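Note that subunit A is present in both complexes that follow, paired respectively with subunit B and with subunit C.
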Partner chain A sequence: MSDFRRRGGPKIEGGVDAVVLGASADALAAAALLARAGLHVVLIETGGGRFHDKAEFAPGYFAADGDPIAAALDQEVIDALDLYRRGLSFARRRLETFVRFSDGAALVLPGDPEIGHEAVAAMSEADADRYAGFIDAERKTARAMAAWFSGDATLDLSPDVYIEKSTASLDDMLAGRFEDARIFDYLRAEAALGAAARPSEPFTYLALLRRMAGDAAGLQGGLAAIEGGGRGLVNALRRAGQAGGVAIRQTDRVKSVIVEFDRVAGVEFDDGGQIRAPVIVSGLSARETFLDFIGRARLDIEFARTLDEPVARVAGARVNLAVNGPLADPNAAAALDRRFLYAPSPFELDRAFRLAGEGSCGAPLIAEMTFPSAFEAGLAPQGCAAASLHLHPVALRPLSDEPWRAEVEAAARVAFGRLAPGSASLITALEVAAVDAAAPPTAAAIERRARLTGASGLEGYFFCGPEAQIGGPLSLAAGRRASEGAMRYFRHGGID
Partner chain B sequence: MHFPICNDECAEPRPTPLYAACAAHSISNSWTAVNGWAAARAYSNPDDEYRAASDDAALVDLGPLCRYTVRGPDAASALARLTTTPVGELAIAESARGLILDAGGAVANFADLTRLSGDLYLLTTATPADRRLDLATRGFDLAVANVGAEVAALGIVGPAAREAAAAAGIDVLSADASAQGRVRGVELAVRPINFGAAPGVEIIYPAEDALVIWERLRRKRQLPVAGIDALEILRIEGGAPRLGVDFLNADLADAAGKRRPDEIGLPHLAPPNRAWFNGRRAMKGAGDPERYLVVLTVDADAAPVGAAIFSRNETVGRVTSAAFSPKLRRSLCFADIKASALDRPLEVGPVDAGGGRVLARLHDTAESRLAAAFRESLRAATDFRRSSV
Partner chain C sequence: MGRLSQVDLLVIGTDAAGFAAAACAARSGAQTALVATGFESDCDATIAEPPNFVWRLLDLHQYELRFETLPARTSYFADGASPLTTVNDPLAAGRALAARAPALEHLWSAFIDEMSRPQARAADSGVSLGPGRYQSANAALDDYFADEQLKTHIVGAALAPFGLAGDEPGSAAALAAGYLQSHRRAAYAPLVEALKSAARAAGVEIVEPRLKRLGRDGSKLWKAALDDGREIRAANAMASSALLAEAAGIRIDAGGSPLRRRSGAQATIRIRYDRKPKLSAKDAAAAFFIATDRDAIIRARNAMIEGRLDDDAPLAFEIRGKEIIARAPYCPARLRDNGETREWTGQDRQILGRQAAALIEKRLAGATGTPRDIEVTIGPDAASGLRRRSFDVPPTPAPPPSADPIGAAVALALEIARRE
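And then the complex of A and B:
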């Protein structure tokens, strides 16, 4: 009797309901949510976006991987996966923001945006009520837009208001609102941090509303410091996934996604092995997800065009600093467990954007700084501090570009000196850790997200990569949406 | 392949490589522009031109159509993505008809593809496809060249087209295959075409030798030249819709104006069970058509373009193009009508100043018979792929 079984060769694995690709927080969230719904899920940790354990960047100083600050965190995911029980905790809720201006003045904004005007009053009495009125009105608008930003609903706003808010430049919308120009500088810095366009350009105002719409640790517009940074969140998600039965594999040998009759059917590895599954969720970048794993020849021409959109020429750089001793400036040194923000003057900011666009790196830049060692013990020697600095805008260059690194390092020293005057000499080591391409204007990013998550035409393929995220890599909303789509598809026999 | 809509507003149409020869034959001096190229509406009498093309053979300047060469290792996969033609199945010298669809499965262009050599293809489109080609070929290892201005394209339309070509020493291998060769020192490619109800051949050769081949054909046989008005009758008799006239390019139409291949009566040019092409997924996912483009016979001297189609006193569509067929001795028209009205008695009106309505009946054409056979084959096929996950 003949034996028709396959002999030898790479393994073909069946019985899997969903394969999740990637190691990002959204990929982990999607995997855990699908497993919680009863699917047999295999998570293949591959590609970028992976969070690593803390790394020593200078003797005795450790950097926590990922941004410790969350401006938006999807409450539905936290509740559904019971992440607090899985180890998610906040080192600080309602994080204060210490803002330093180009004239050396400082402003300490409380963690609750609703009482921000009290701090503003101390700097400019005349602007307190205006600031309160502005924040109150725009938070209401931001609340109405929140579901649109997260991708859960279409925009529920009158067309006139939407057109005004979405097309206006930040400068136009803020012009003449405040007597003290420094409030203007602060709001510009908040909105322009991470953005590709300078605040004088159209479509930039929406970034400020998006920032206000974020909800982390239960407070709209507030910020929270996650215990352990991004790694802390990822560890909680990983535990939730494992509790739900997610099988986690770590490999970079994924070759392609198998497509049969317009439906995904699994993934194939370099050695010819396969995991067969009717649903695939990808948390990798759009180019990896579609061009590398599917191939341009099997994508609709109009859809592939979305993947070819030019990458911004400007970026943000993340720099780790070893600070040997207490800060000299008493205002800055009063508390390190808060967020520090340098708000450049309009001249400084325009110059920074111009130089970044020309491929250079100016100074000073917008600088957002935290001291992870203030939130987590053991990251710096006693009496010293490990700082994480996010500089924006710089030219988009690979980390290996030595002259560029030297410019960024110089800018980091300037930024640190501005945020903590008299303390620049305390920097004993400095590491340019990462560079992130700047985000397109919010409306364009939302439009792009809609195309990437809904128009590939490949049945059973769901995307939650960085381009699907609006408002920070830790929000988890993209992972939740992808898992919801995958569940609907799986439950209804392929009818999404 | 048919000419798309004419543009009478074009201020300065460019002369095609065959313009000088065509102009010498133009008695009526009736010209228009197609894709920016000068094209003759009629040379003398459209009825005589029609009869020649319908019963014997006539020359046609096909220069206003758009032509591209696509060469490279990835040419086949890029063209398979861009067009609905069966690129992978084309042997060298074979040609195939197809469409270019947008991502939503709506028709954006017609595409004729000829495989000239291993990795060299000639793509002919009704309207310019430069932008789509640019988008579709990004990331592929190939080179695209717009050769529209560099080649003369001479059509011989009619049942005697092949004999007329052969008489001039232009060999046509078979009814399906194209041929390449040299006639009087001119490198040329010959491929079979259909112009509505009439068969024909297309001869493509360098523009600088445009008149050499024209004169040779004319010397062997005094073939008349046919203009667009005569070809329009052949087109409607054959049931071939015209881009920009009977339906709009998907890139220009709004959502209501976009038409899928089955809606314009050409489902056989975009089989959903063929290997993947742009728009196929959306086309497969779309429901049954709500409208159809059909050919009707009309009991009147003419059916005015734009006239309404009625069914039980309800307006169910409109006439998009019309012609009187001397062969059938009937007025024919293309009409865009609701699918639900297909099986009901139809009327067209007004057909005269008095607002009268006349009966209209569905007319079988070569294209509609192909479509019906294709639909039947799809129905008969057992498609295991539709089973659920």
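And then the complex of A and C:
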């Protein structure tokens, strides 16, 4: 044994085929898929994105980690990893959406988008056929785009249709389409939730098609509530990984990714220890993946510019609410195991975007609300409810910014009051839990994904971080794509 | 209901671009009709010179047209700040800007060169899907320059005409759209008259009644219902301008250009003075722009979207003899007071006109005379037109918004005519 080893020097670990960095659902999916293909995989759970157990945000009220709603879950990953057998289940398939408008009217859209026009007919008979025709045509287009959204390089659509759909604004495609302006408001809110740009700005329409292209619980364009929320999905993935032999390590001490002759060769830790592996998959953010672990000097200049793209000034905020008692509004109280959406008027939404851009937070804004306690017992005391509210758009600020938190809390109270009139006084506690930067236009995000996943100039380095996910963090498609690329690379002896 | 005629191409919009497009299509052999939308305005002071191919096709040398180049662009900023002037020659402009920061001498030329590249221009047509297509103008400018006043100056020149503020996705395309290039310009009214004559000479059927509704009949012909109850049928239809057509409630296809105005309107303020401004001929021959900074431009755009006119709203203007023609690019098409939307009143126009005159007088340090007459016109409103569109009719082709509206419309008309 060398003197170095005798002195207890850093450990260099070999015999590993692939290292996966991160703790997100996509990183777990990538690790499990690689292990299933026979690779010896080490998953290093590091950085953000780690799902935690439910946390008590007010006495007796618990918040489940992660969004309980899935709009797009990659069926190939579910099948390949047999996730239903590993514990993935849905608390509710075909989730209804209860939409409340600025004039106080309500619309209950069924979980199956194909029959949404029946609900629309109750609000505007003249629009029922138009809505049915629009949804039918656009779901077909969305179906043709589904593989492209989830990572295929090619798109099975004529260039004319692609240019129209990808460049149009929501207003270009929707304004004047329906007699009842509230249907326009609903579709605008649905697509603008999470987006950085106003619905009147170009390239925003594609977000609606992305939403329609999603597939959760076997229904295109439908929504499903995962049992246990994002944590439930992650637990199923972790079980699948462990069954395939993935070694999971939890550490925040990863220092860098080792690069030798433009190929990755493993990861290095703070103490000098290394895990040598020819393949690395990262589910961390692009900046961590490439700038922190590789360094700008080793990256292609054009590629590095992709990492410098300015972050949006607007964001979405997630707020947990403790609701002490049944909702006063009978329409809203009829069922809590559904999704609630406040669709602001165009004027309200424009104002909210302006205030968010100016660094503030207006009200009302788009509000998506679920009651996790309606899907999972034990999250709230008997007769009470725990609500999770996603507010958009607000200014992008750190959670520690007290004045901003106060504004978000005020906006949450307004949103709750709009969604469940007469019930705002039931809120006994309120916690601003997370803030997520708004997404760039979908086509721009897809273009960025293509650059980030394919042009770093480093062989053996695969990316499935948040910037590779189009359509939410629970889709798993980015993890699947990264694992497919990694497997091809590994099997061809380092030639992708 | 009477039928007027059946033509190969129906051009919608009797602005300069519409007359030129119809005339050129007719010259290339298409039986062409031209119809007004009712949203045309003759308040435009000047328009970019028609490109050479239009000039040749229509023999415009037969008309007594006078064109001139505004050799400089001058921006005024906050009170007390020195104005910034760039000249059209990039090398000379770079040399002048070097006094602000030495690096600008080369950066300016590189920027103009980059913006003039064919690839960048293609982005304007909406066809190029290359990197940068989704970039905002502010992000592109931040890549190049640190000088905030210079960036405000560029936004004023390149984006304000489109009603954009620089933070919109895709707005970087406006930097490549030619507003930073040198264009000879002609007085609008004489050019329209010349193009109208050229259209008549080419055999264009210029229809007096306005377009009421555009539809399709079973035989896939376009069917234009006119104000007087008659109809025109056409194998093809096109709009002369995206803005005019949208204001008229026509669904358009402008090739995916991100430069379409989607909210608000441009107000044109014509101020007649008792004398010419006391400026040297050299100083007066410029396109002027007034804006405090880019944040002020964004504030004005946001106020416009919400139906308000910002107190610090930017203003562009040109001096034409005793007249100053000003444009307020970020005007609400309708005003919103106490939650209610209303039309512009004569009093609102008067206030806007006086504010503009006062601002110009302040920035020109009293060089103007006394205003004798102020006329304010609010331009077409695309947003309200969007709400009147019919989705039963396929979109009508329209040229992408451009610094060269005549060239863009004629290119589209010729493409349609030759396809036939």
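Basically, the second predicted complex is superposed on the first by the 488 of 496 C-alpha atoms of A that agree within 3 Å, B and C clash if a C-alpha of one lies under 4 Å from a C-alpha of the other, contacts with A are read in each partner's own complex, and residues count from 1 in each chain.
Here is the rule we use: a residue touches a chain if its C-beta (ideal position, glycine included) is under 8 Å from a C-beta of that chain, and two chains touch if they have at least 3 such contacts.
Worth saying up front: this structure is predicted, and the values here are computed from it rather than measured.
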Now for A:A443: first (subunit B), second (subunit C), both, or neither, which partner does it touch?
-> second
A:G87 contacts which: subunit B (first), subunit C (second), both, neither?
-> neither
Partner chain in contact with A:G460 - subunit B first, subunit C second, else both or neither = first
Examine A:G176 and indicate which partner it touches, taking first as subunit B and second as subunit C; both and neither are also allowed.
-> second
Scan A:F490 for contacts with subunit B and subunit C and give back first, second, both or neither.
-> first
In the overlay, answer first, second, both or neither for which of subunit B and subunit C A:F261 touches.
-> first
Identify the partner contact of A:S200: answer first if only subunit B is touched, second if only subunit C is, both if each is, neither if none is.
-> second
By residue count, is subunit A touched more by subunit B or by subunit C?
-> C
Figure out whether A:P310 sits in contact with subunit B (first) or subunit C (second), or with both, or with neither.
-> second
Using the touch definition from the top, say if A:P278 reaches subunit B (first), subunit C (second), both or neither.
-> first
Which residues of subunit B touch subunit A in the complex?
-> 74, 77-78, 80-82, 102-103, 132, 135-136, 138-140, 276, 278-282, 284, 385, 388-389
Over in the complex, which subunit C residues touch subunit A? Could you list them?
-> 126-127, 129, 131, 133-134, 139, 142, 167-170, 249, 253, 255-258, 260, 262-263, 298, 302, 305-307, 336, 383, 386-391
In the complex of these two chains, what residues of subunit A are touching subunit B?
-> 261-263, 278, 291, 296-298, 300-305, 308, 455, 457-460, 489-490, 493-494
Which part of subunit A faces subunit C closely enough to touch in the complex?
-> 130, 163-164, 166-169, 171-172, 175-177, 196-198, 200-203, 309-310, 347, 350-351, 354, 357, 440-441, 443-444, 447, 451
